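The following pair of complexes shares a single chain, subunit A, combined with subunit B in the former and subunit C in the latter.
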Partner chain A sequence: MLRVFLILAAVAGIAAAGWLVWDRLRAPIATPIADFSAPFVFGRFSVPPDNPLTQEAFALGRHLFYDPMLSGNNQVSCATCHVQALGFTDGRAKSPSLSGGELDFSSMSLANLLWGQERFFWDGRATSLEMQALMPIQHPDEMGQDIDDLMAELRASGTYRKMFRRAYGEVSPENTANALATFMRMLISADSKYDKYLRGEVRLTAQEEHGRKLFMAHPDTKISLRGGNCIDCHSQFLTSGFRDALDGFSNNGLDPDESLPDGLMAVTGNPAHKGFFKVPTLRNIAVTAPYMHDGRFETLEDVMAHYNDGIVVSDTLSPLILEADNAPEAGQGTVGLRMTSEEMKAIIAFLHTLTDDTFLANPLFSNPFDGGS
Partner chain B sequence: MRRVLGILAIAVVIIGWFALSPGQKKSTPVTLTFHAEMGGEPLVYDQFVYDNPGGAGQFRVRDFRFYLSNLSFGQGDQTFAEPNSYHLLRFDNADKTHSITLPEVPLASIDTVRFLIGVDPAANTSIEVRGDLDPNSQMAWNWEVGYKFVVFEGALQVGQEVSPLVYHVGFSENAREVAFSLPADVLTEANGQIHLTVDPAKLFDGSARIDMQTLPSVKFNRTDAEILANNYAAMITPAF
Partner chain C sequence: MYFSQFKQSVLVGAGLILTSLSPAMSQDREESQGMVLLRGLPTLDTSHSIAIVELDPESDRFGEILSEVEQPEMEHPLHHLYYSPNGRLYSTGLDPSCSLAEVGLSRDADGAPVISGFTCLDTQGQMVGEDIMWANSNGQEYMFVTFMGGTGGDDGGSVGVFDTQTNEVVKIIEARKSQVGEGEPYIMYPHGISAFEDRMVVTSTVHPDLATGVGNVLTIIDLNALEPIENILVEKEKPLNFPSSPVEVLFARPDMHPEIEPAILANTMFGFETWKVPYDASSKTFGLAEVIYSGVANKTAVPLEFYGTEDELFISHALPGVVKRYELAALPELVSSGPDIVADPGAHHMIFYTSASGRDLIAIQNNLLNLGNGADDDPTDVDFIADLASHTISVHDLETGERLATIDFKERYNKGVDNLEGLFGSGFVHHH
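Moving on, here comes the complex of A and B:
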């Protein structure tokens, strides 16, 4: 009897060990994400062939995104500065720096990153999301993490070893970046009132529709066409900057030549790019205050006031901004759109139709350590 | 028996010769290379080096791009039209050139080339993404108006005054056809390479000469747009 039991136990033990070895040695079993949808008006998108969208990569990326283990002091996660309810911004002009003080730029919102510019950060210094993902982690003032130390921490966790194995294979900086990029790519916002309007499901109010028309028009006093000129930088459906080449970067008249920051010029070395910054998506813009790369404007009203009569002229200022004026007679010392207050309110009403409450509360994008899975 | 085999062998050789010999050429590779030039030199961006064609001052170019569509090739009464033929030509690169390559135009040779500067009416009023048409790009005015066909942006300097120049020309009626014949042997001698010159200055110096100070922008005014369209109809010339 004892002998039978021992034999059975030995067989069970060998089977368990064999399964464990097999589970560790076999190739990742990642499941392609096949069923996500996006409005056709968003246009084409591409995913790097060496980092396909998979369920396992998304799950891993989501855990990493919310895990303070990714920072040197284990207190800062990506989500510290990218809060879902705020369109993945942090509500501050500039996020606090680890060494005290504040960072150079405002936290960028994360939505629909599959479309629009293929450069990331306000100055476009990253040319892919995979490249972008590891930069804040290692930045001494952002998350201050040594990448080798992080790999050691992740390898020490059985949960992460298993998640990496299923998604990619090994725990590595490259796969960490791949997983975070996958999570960010899947942050798709396509259920705002504007999307429903584009799908023919709802009507805009008269004020929102007035704002939409102004958003989409470059003013032309010669034919009495009034416009808010937004579309010259923010594409009509995505509302992000343009995808081609460096079309999605612009100088929107915030500073004079004497104090104009380098912006894109720091990356390209081209003086014609001085003061150019990434044109952000306007999706969820009503919840992502404060505004601009340095968070200088607290409200959408402040932003409209800037474009209406607060443009600061510099050499690289967009001629489309400098030229756009709704008043036929020459201005009196100010540069801007010179719209009426009703027109500005209408544009702001339209901007509110870009808020996507489904996206902002989607449980798939939430913190998996808060009882989620 | 031996005789039959001999005849068979000869037949195989003859049939094989016809089947495998390089008969009539079935397709032709073509590359159209457009060179942006002003004053006979490659286009210079972002510097006040060009004279206002119709008035005082110098201008600089920040952006110049246009749609070329419905590219087709002819040989006698045969024609081949490139499917989904919508190309955005931009020249902000080291060579100031833009190339369109068709590795296999299914014609034995080519003696005529045709295309539109602009977009045909059906595609211009659609939000479908095809070729380089993209309703989320800088070339889209919006889905109610269509695409900008030709974009020219920059600034004019007169004395110490610098003012913006914005020329966005669209509207379906402003597409202009360009057609030219290829002299015999040009294609074979150049290995399928066709070179063309694009002169942005022609926008302002053609059937009408434009003073940029008087007309610093063209957008939705249809009369102004047509004047520029009649000018840009002649901005592309083959360079053999």
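Moving on, here comes the complex of A and C:
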């Protein structure tokens, strides 16, 4: 009897050891995202061929996104400045820097990054999500992490070794970036009231519909067409920007020439790009205050007031903004849309229809260290 | 077709995304992909289907079906595709079980468009859906659909008014000739539809069985009351000894081009003519109907569709299979803007787009109806119509009309091709 038991134990041991060896030597698993479907009207998207969307990459990216291990002091994660309930912003004008001050820019909303853009950050300094992913980690004021130290920490973790092995193979900076990019690409928001309206599932209120029409219209007093002129810059408002490399950047009249920040010019070196910043997605805009690249406006009412009569003229101001005026007969005392209070309220009501509560609470995008599935 | 600014922004925005794809992605340019309705041919054992087809002759996937959903349970196919102002895709249908449907589109994990299915809508008994347009009545937008069979009968026909959000029937506009009384306006076998301000026009074409009756009038509908108010006779020459059978119609109007004087243009399928009916918007009255194009004189027959781009109007003539082109600004007069585009017999629907290298193209679907071919002993064959069924889409240079390529759907897929629409709209701005 003892002999039989020993033989069975030996067989079991050999099998377990074999499985462990096999598990470490086998190629990464590439399980397609189950039941993947995206709205047709969002347009074509493309995923880098060398970083396809897989379940394993998404799971790894999600863990990395929420893990403070990615920072030098092990206290700051990507999610520190990108809070799901706030449309993956942080509710601050500018996030605090590790050195005690504040960062240069407001935290950007993350949603529908599958579509459009070829440049990331307010000033477009990254040309891919993969490139973008490692920059905050290594920035001394953001997460302050030495990339080699991070790789050592990740390799020391059995959990991460296994997740990297399943997703990509080895623990590496490149695969860390790939996983974070995959997680961000999968942050798909398509269930706001406006999405439901487009699908015919709900109706907009009269005020929201008024706002929708104003949002879509460039004012033309010759034909008595009143407009908020929003679509001229925010044509990709359902997704996250433009695919044309620099088309999604604009000077929206925040500052005079004397104090105009470099913006995109810091990246391109082109003076014509001075003061240009990324036109952001308007998804979940009602929960991503404060607004603009420096968070200078606390409310959507402040934003509308800026576009209505607070435009500051500078050399690179968008002509689409400069010429959009609902009351040119009133003279040139101010530059802006010069809409009525009711019209501005209507546009704000429409912007609220872009809030996707399902997305903001989707457990798939939540912190996995909080027990999320 | 009525395009709202939003629809344009959605489709153009999507187009902008597509046009900026890198050369490596050029095989996936969606602006050169077409939506087609295919008809299974009984003797060739194929099913009706909705499909996405690559139409860029410069693509090595030219003519390839990229996505397809079949309808093996339906005896008759879906008929005409239309995008709503909000970008929802609809199809009318010839099968009584599905006279109107909403088509589902989505994207797979590679970003490619896929047809996810279709949902047949409740039409409250209205059958043989033909054309769709979106127009306002008393400030409220509705979806208007012509049903050539209406709710049935020898003089049936209706215009269904649908809620644009819920797709529910709001009203059925119906006025049977046999019931309205002598001289009162009626609606019979409606097919073409167009509108300007508060006046809508539908045609009276032919009973769906192609035998019971043929129409010869236009019906004017008051969009305030949603009631027919006038019939206008459009019949002169009768080369087939049939009534004229007006089919497609276009209300030429100033918002198409500021120089256009409002007037209805109507093609008569069996009269082979194009008619003009002037409209005085101030008095809301229509002038004398007159023929402005004679197919008999010009050796063409079965004029069908109107499509307008920014500066030209295109009219398809099923025989001999040509598309004639005119100056848009000269409407309602037909002033030629260039030589005919020589397609195939059955020249019918068309779309406008660009190739990967930026060449302006026109694709023409060449089939009047996808009935069977007598040579195949197909029981659905009708000789006259079979002559107008080439089962092809021909692709031409838009500027010169030169044919660049052809897809023969019968040869390649054992199916006919019943309708053509661009995946992101059709590049035209005026259709109805």
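In this section, the second predicted complex is superposed on the first by the 355 of 373 C-alpha atoms of A that agree within 3 Å, B and C clash if a C-alpha of one lies under 4 Å from a C-alpha of the other, contacts with A are read in each partner's own complex, and residues count from 1 in each chain.
Operating definition for what follows: a residue touches a chain if its C-beta (ideal position, glycine included) is under 8 Å from a C-beta of that chain, and two chains touch if they have at least 3 such contacts.
If you're wondering where the values come from, they're calculated on a predicted model, not measured in any experiment.
Q: Put subunit B and subunit C onto subunit A via the superposition and say whether they clash or fit.
A: Here subunit B and subunit C cannot both sit on subunit A without a clash.
Q: Between subunit B and subunit C, whom does A:42 touch in the aligned arrangement: first, second, both, or neither?
A: A:42 sits against subunit B and subunit C alike.
Q: Taking the superposition as given, does A:222 touch the first partner, subunit B, the second, subunit C, both, or neither?
A: Only subunit B is touched by A:222; subunit C is not.
Q: For A:235, using the defined touch cut-off, is the partner it touches subunit B, subunit C, both, or neither? Pick first, second, both or neither.
A: In the superposition, A:235 contacts both subunit B and subunit C.
Q: In the overlay, answer first, second, both or neither for which of subunit B and subunit C A:11 touches.
A: In the superposed model, A:11 contacts neither subunit B nor subunit C.
Q: Given the touch rule stated above, what does A:319 touch, subunit B (first), subunit C (second), both, or neither?
A: A:319 sits against subunit B, while subunit C stays out of touch.
Q: Could you say whether A:115 touches subunit B, subunit C, both of them, or neither, answering first, second, both or neither?
A: In the superposition, A:115 touches subunit B and subunit C alike.
Q: For A:200, decide between first (touching subunit B), second (touching subunit C), both and neither.
A: second
Q: Between subunit B and subunit C, whom does A:272 touch in the aligned arrangement: first, second, both, or neither?
A: Only subunit B; A:272 stays clear of subunit C.
Q: Considering 1-9, 127-135 or 199-207, which region of subunit B has C-alpha atoms that clash with subunit C after the structures are aligned on chain A?
A: 127-135
Q: Per the definitions at the top, what is the overlap between the subunit A residues touching subunit B and those touching subunit C?
A: 41-44, 115-116, 216-217, 231, 235-236, 242-244, 247
Q: Tell me, which parts of subunit B touch subunit A in their complex?
A: Residues in contact with subunit A: 45-46, 62, 88, 90, 92, 127, 129, 134-138, 140-144, 153-155, 164-166, 168, 216-217, 219-221, 224.
Q: So in the complex, which bits of subunit A are touching subunit B?
A: It comes out as residues 41-44, 115-116, 216-218, 220, 222-223, 225, 231-232, 235-238, 240, 242-245, 247, 271-272, 319-320, 322-323.
Q: In the complex formed with subunit A, which residues of subunit C make contact?
A: Subunit C reaches subunit A through residues 5-6, 9-10, 12-14, 16-18, 20-21, 25, 28, 30, 86-88, 102, 105-113, 116, 164-167.
Q: Where on subunit A is subunit C touching in the complex?
A: So the residues of subunit A in touch with subunit C come to 32-33, 36-47, 53, 114-116, 197-203, 212, 216-217, 231, 235-236, 242-244, 247.
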